[in-house]
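Naming follows writing order (A, B and C), and every chain is counted from residue 1.
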Amino acid sequence: MNLPQAVNGWRPEPPAPSTPVREAIGSVLYEFRWIIADTAMLTWRMLMHYRRNPEMLLSTIFGPLMFLFLFTYVFGGAIGRSTEINYIDYLLPGVLIQNNIFTVMQTGIGLADDMQKGFVDRYRSLPMARSAVIGGRVVATTVIAFFSAIWTIGIAVVIGMRFHGGFWPGLSLPFVVALFCFGFAWISALVGVSVRDTQTASSITFFVAIPLTFLSSTFVPIETMPGWLQAFAGVNPITQVVNLSRNLAQGGPIAVYALPTFLWTVFFVFGIGSLATWRYKRIS
Amino acid sequence: MIQPAQLQDRSPLGELVSAIAVEARWIIADTAVMSWRNLLRYRRSPELLMFSTLSPVMFVLLFNYVFGGAIPTGDLNYIDYLMPGILVQTTIFSATTTGVGLAEDLQKGMVDRYRSLPMARSAVLGGRVVAETLVSLFVAFLMLGVGLIIGMRFHGGFWPGFSLPFMVAGFAFGFSWIAAFVGASVRNAEGAGSLMFFVVFPLTFLSSAFVPIESMPGWLQWFAYVNPVTNAVDFGRALSQGGPIVANAWPTALWTLGMTFVIGPVAVWRYRKV
Amino acid sequence: MDHAIEVRNISKSYGSVVALDNVDLDVQRGSVMGLLGPNGAGKTTLVRILTTLLRPSSGSATVLGYDVVRHARHLRSYIGLAGQSAAVDDLLTGRENIHMAGRLYHMPKRQVQKRAQELLEQFDLVDAADRSVKGYSGGMRRRLDLAASLVANPPMIFLDEPTTGLDPRSRLELWDVIRNLVSEGTTVLLTTQYLEEADQLADEITVIDLGKVIAQGTADELKHQAGSEFIEITVRDVEDIRRAASVLENFAENNECDIDEEARKTSIMVQDGASIMVQVVRSLDTEDIAVANMAVRQPTLDDVFLALTGRTAEEAATESEQEQN
């Protein structure tokens, strides 16, 4: 077969070599290298969005503070009587998870936006790795979630929060939060590629994320809830990760919450993640 | 063909009186038309309808079940304590739609068309305010229904209890004029939206709506006491759960009248100056 | 093999709706093929199949020798697509948009930078290069979109309604850009619903309607199918128009004469415009009819579409819209 000639300058790489085994190995390596490179490229695009869009940046900066202040000062006095530890110590891990779940929910809204605006057509006509379109958004929102966690912890410490669980567990807090949110981002991605419309994506986000984050140990101890709610809150993955984060910061059993959190995260990334990628590839 | 109204020779006084009558008649008719248009938006946009009905219900459930067990409210059940507060909070939030919608109209040049018609100018604002108030009333009844289902009870008698949603909608009506003022001043839907949010969020939460003021830190209590939202919520609580009604009624009435008759004309004036 | 595109019996249906029906198409390397048809005729579907975005229901197609289904992955390195909705990122600058596209074509960084500068100069975007695209005009956005799709120097480029929604000036500018592209040897497949655009740019035109190819040829060939030339006379005084029409009728090849009273215009179809015009002028003079304007007009592609389908392009578009609903 005659290779097409580029008009001038750059030429794309020729098709991979021909023996079946070499081809298989070559294409896996080739795939892998470009998945990373293309994902990095699209992550960069998303991060530029945060830099250039003050509204997105401001809501990422002030959103968690609003919740932190509201619950600490307005509700803290009333709710705080039901927690064994200082309410702000109790609250912070919950606020980290709750707000950053909203942060990574942007993944799906953004993907839906890309589809609406015809971006996805351009991407799909390029020789890039297809999973990078979703991957880039997931990684970018995770990075934002990580920095948002650190920023929120900083403010919380200023207004009186303290770590009582040791140095290393405390240090691992933002990483655990980011890791879980990374997993959760894939759920949002699945929503985004399924509905393909920003309005619908954001209302689903709202009506799923609010109950899910509130019906957990995020803001109040589960024991204060009615029995039937306790059952739901108990199995809610948000409760698992909030309890894990709380015990990392304040001391307490870790492994018992780490295992379910880890399993949920793995399920989100590999189960939901492959479903989302599959749906994306099937778009026509 | 439509004939424009004939100008007639009259005595100056008679002319003035009839002019006012004609004016008033058209203000009312035009406001009704504009209210209708604004209500139609809800029918045409299921999204909007869902957000304005489903999310208030969701918050009633969330606050009652999630926080109810953890927030001590003295002699009252938490749901009894919560309902007046969450009603006022929700309707105030929904009143902000007035300003956002108006700003959107101004942005899109919709208002230019209204202004070129021989309609009463105050009707554009009035229509929005009236429409949002009707929506507020509907949402208030809906939330009360849900509240009753999950255990809320009136302990202050039938008529005071029945008047609760109307009182709440009335307060929201007054508040809509502030929103209209913001909308007419900012003229950018997103800007108006976030400005309103940053005003309304602290105003509604730093009040007696969700938790007793006594449980807040001292410096917050001071703000919460003078906050008009606290007045309205306490009034609502007195209506539904019993308590001194008159003492709680007059601050709310004064605020509502003030917002309507002081901020209202200013909003109309700003809108005319566009 | 000097066909850049070979399409054989391609069909595409969505449920019971047939978007493409046994389409055949050959495009010469280095030429411009204009795909012409009303809204909903199936042009975009064909482009989406050829750019590997969509699998055909049946039939096969190769672009640059690559099968669009089996070799999709490799093919993508050699094609560029500029779509209807300019797919440029509002929050990135013009340069960043091109840069991103280049990197996603897997070009080395340094080459992308060089190429981005070239393209920005070529497309007259240097001044705006480092501003965010949010502030760009519609024409600038389209140019940037086109530049981004050209970053890898693809030998084959697809332009899906490149000038839809642009003001006349931006349209002319974009036409120049496309002409330059062709002079460098790129093969272009362009869809348009503007008959004038295909006439201006395309070497060959394929007319497509309701998913079927209904005519193919150069602009001139298609015009010949539509028939001949037109003589148009605008009279100065509207009262003269009937008399003028009866004079013209004698020269018409089909003895028919169109009258547009509002425009004071009357026109006939003739074989040899220039020589008949002389006679028309003489006759009008003897009849003492004052003429405001006169012209020999080549048939437009609108006339072609009318001759081929029995309806104007506008009617066809409304029809297919109704069908979709």
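The rule is simple: a residue touches a chain if its C-beta (ideal position, glycine included) is under 8 Å from a C-beta of that chain, and two chains touch if they have at least 3 such contacts.
Everything numeric in this text was worked out from a predicted model, so none of it was measured.
S.K.: Pick one for the touching-chains graph, please: line, ring, star, complete, other.
M.R.: line
S.K.: State which chain is most central when centres are taken as means of Cα atoms.
M.R.: Located nearest the centre of all protein C-alpha atoms is chain A.
S.K.: So what's the Cα centroid distance for subunit A and subunit B, whole Å?
M.R.: So the centre of subunit A lies 37 Å away from the centre of subunit B.
S.K.: From the C-alpha centre of subunit B to that of subunit C, how far is it in Å?
M.R.: The mean C-alpha positions of subunit B and subunit C differ by 54 Å.
S.K.: Report the inter-centroid distance (CA atoms only) between subunit A and subunit C in whole Å.
M.R.: 45
S.K.: Going by the contact rule set out above, which residues of subunit C touch subunit A in the complex?
M.R.: Against subunit A, subunit C makes touches at 1, 48, 51-55, 64-66, 73-74, 76-81, 83-87, 89, 91-92, 96, 100-101, 103-108, 111, 115, 132, 148-149, 152-156, 184-186.
S.K.: So in the complex, the part of subunit A that touches subunit B is made up of which residues?
M.R.: Against subunit B, subunit A makes touches at 55, 66, 70, 73-75, 77-79, 81-82, 199-200, 203, 206-207, 210-211, 214-215, 219-221, 224-226, 229.
S.K.: Name, in rising order, each residue of subunit B that touches subunit A in their complex.
M.R.: Of all residues in subunit B, those touching subunit A are 47, 50-51, 54-55, 58, 62, 65-67, 69-72, 190, 194, 201, 205-206, 210-212, 215-217, 220.
S.K.: So in the complex, the part of subunit A that touches subunit C is made up of which residues?
M.R.: 1-2, 4-10, 12-13, 15, 34, 37-38, 41, 44-45, 48-49, 52-53, 117-119, 121-128, 284
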